[in-house]
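Alright, structures below, take your time with them.
In what comes next, chain A is part of two complexes: it sits with chain B in the first one and with chain C in the second one.
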Partner chain A sequence: MTGEAVAFYALSAMLVVSALAVVLSKNLFHAVLWLALALTGTAGIFLLLDAEFLAAVQLLLYAGGVVTIVVFAIVVTERLVGETITQTNRRIAGGALVCGALLWLLITTVLERPLATERPIMPDDLTKAIGESVLTRFVLPFELLAVLMLAALLGAIYFARPEE
Partner chain B sequence: MGLQPFLVLSSALFCIGLFGVITRRNTIGILLGIELMLNSVNINLVAFSRFNGSVAGMVFTVFTISITVAEMALGLAIVILLFRVRRTAMADHLDLLKG
Partner chain C sequence: MDGWLGVLIMLVLGVGFAAVMIGLSVLLGPKNPTPEKLAPYECGMPAVGDARERHSVKFYLVAMIFLLFDIEIAFLYPWAVALRDLGWPGLMQIVTFFMILSVGYLYVWRKGALDWAPAARARNALRRGPRKAA
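And then the complex of A and B:
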């Protein structure tokens, strides 16, 4: 096995274990910390796919931003109720059946198809290529995204404003 | 390393996230499951983009990451608002729209 394959399988094992911990742990706070580990592992997978810029964005926005927001939300809500929030799962058998069936379907489909095994040559500086196509070919979605972000921020502030 | 292992990994993560969304009773727990599912989609996009030799998938990933952050901010704002009004985070208790 090459070093790349070893890194991939180690990261995969870490990702699957931490994802399972996110959906199964009783303590909500621990679930968020496991989510942070899963998101960091995903950044590692991005690095294996030569996408350094995306790995950095993943770490900054997801593992940094989203996890911080969720921790804030948990702290605020726990203070509102005045007790530690535990969470339980229900209908575990049904959920496991549905997800297992979907997983089986997806994996058999993926394994049946002839998929690329070689990586084509891409520009050396992928970050530069991403930046150029964001501002040329994808400039309209990019601007729409800015409007969406503004609307989402205004909405979040409106919802979370203190009561008069 | 071909494309296949990456697709299998992201399928597994997607199904684990779906399991969380189906079985969690707490709204914040459900949001964490959605987060895992979106994350697996990002792995898919980047893997296809890399093995196709096109940068478009990576641009889409930048977009999905920003949309997820917006979704998370709004979702948690709604959860906090619900907490303030109903004093509960359990999805089963939020049944005002049920006739």
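And then the complex of A and C:
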């Protein structure tokens, strides 16, 4: 087994364990901490795929930004602070049905085609390729993203407006 | 995937060092707990209330603003790497992106979301002053 495979399996095990811990922890804050670990593990997977920029963004935005937002959302919400949450739903039958259907769909899709054993050829410099495609081919979605972020900012200000 | 071995060694050493130190402290350290030692915050005064209380919603706002401008900065990197190939059109597009978000920045600034308590109080006092006189 190559080093890459060892790293992949170790990261995958970490990802599965931490993702399960996110949905199984009773304490909301612990779930957030596990989420941070899961997001960091995803960054590791990106690194294994030679996508350094994506890994950095994953750490910076998800493990850094999103986790901070969730922590602050817990801290500013009186009802959630120190709350013990139940992880089981009363509608177990319906949930099982949906999960089973999703699992069946995934398994049939995966079995339909053989799994790719070779990694597709990546551009030499993925960061540069991302920059070029974002600012040429996908420039309209890129500018629309700025509008979307503006809307998110205005919405956040509206909902959390300082007391007049 | 070359060149990441150093990072891996660093990670293993960092986590390992912390784990060994905490483990040794748990195993070898003397345990003599008193109520004062078990208090979450020991400062001479008895603690009042619960640490888990509701905080100002401004913290959430700060986190949101941080995340949005964090995304903005993250988009600078791929542009900077492809700077020479993209030329002037690329510059115009990234400037447009920044201008759109600058509107949000100005709005946040003018709305006083960046002012913390003393500044906000001063601003409100200024605003209310003439109204009271009238």
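Convention: the second predicted complex is superposed on the first by the 134 of 164 C-alpha atoms of A that agree within 3 Å, B and C clash if a C-alpha of one lies under 4 Å from a C-alpha of the other, contacts with A are read in each partner's own complex, and residues count from 1 in each chain.
Following the convention adopted for this analysis, a residue touches a chain if its C-beta (ideal position, glycine included) is under 8 Å from a C-beta of that chain, and two chains touch if they have at least 3 such contacts.
In this text the structure is predicted, and so the values were computed from the model without any measurement.
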Chain A as common anchor, with chain B and chain C clashing or fitting: fit
Partner chain in contact with A:37 - chain B first, chain C second, else both or neither: neither
First (chain B), second (chain C), both or neither touched by A:152: both
Touching partner for A:77 - first (chain B), second (chain C), both, neither: both
Dominant contact partner of chain A by residue count, chain C or chain B: B
Partner chain in contact with A:47 - chain B first, chain C second, else both or neither: second
Partner chain(s) touched by A:4 [first = chain B, second = chain C, both, neither]: both
Touched partner set for A:15, first chain B, second chain C, both or neither: first
Partner chain in contact with A:68 - chain B first, chain C second, else both or neither: second
Touching partner for A:160 - first (chain B), second (chain C), both, neither: both
Which of chain B and chain C A:90 touches, first, second, both or neither: first
Shortest CA-CA distance in Å separating chain B from chain C in the superposed model: 5
Residues of chain A at both interfaces, chain B in one complex, chain C in the other: 4, 48, 50, 53, 57, 61, 65-66, 69, 72-73, 76-77, 81, 130, 134, 142, 145, 149, 152-153, 156-157, 160
Interfacial residue positions of chain C with respect to chain A in the complex: 1, 4, 8, 50, 52-68, 70-72, 74-75, 77-82, 85-86, 89-90, 93-94, 96-97, 100-101, 103-104, 107-108, 111-113, 115, 120, 124
Chain B - residues contacting chain A, complex: 1-9, 11-20, 22-26, 28-29, 31-33, 35-36, 39, 42-43, 46-47, 49-53, 55-56, 58-59, 61-63, 65-74, 76-81, 83-84, 87, 89
Complex contacts: residues of chain A adjacent to chain B: 2, 4-5, 8, 12, 15-16, 19-20, 22-23, 28, 31-32, 35, 38-39, 42, 45-46, 48-51, 53-54, 57-58, 61-62, 65-66, 69-70, 72-74, 76-77, 80-81, 85, 87-92, 94-96, 98-100, 102-103, 106-107, 110-111, 115-123, 126, 129-130, 133-134, 137-138, 141-142, 145, 148-149, 152-153, 155-157, 159-160, 163
Residues of chain A touching chain C in the complex: 3-4, 7, 47-48, 50, 53, 56-57, 60-61, 64-66, 68-69, 71-73, 75-78, 81-82, 125, 127-128, 130-132, 134-136, 139, 142-143, 145-147, 149-150, 152-154, 156-157, 160-162, 164
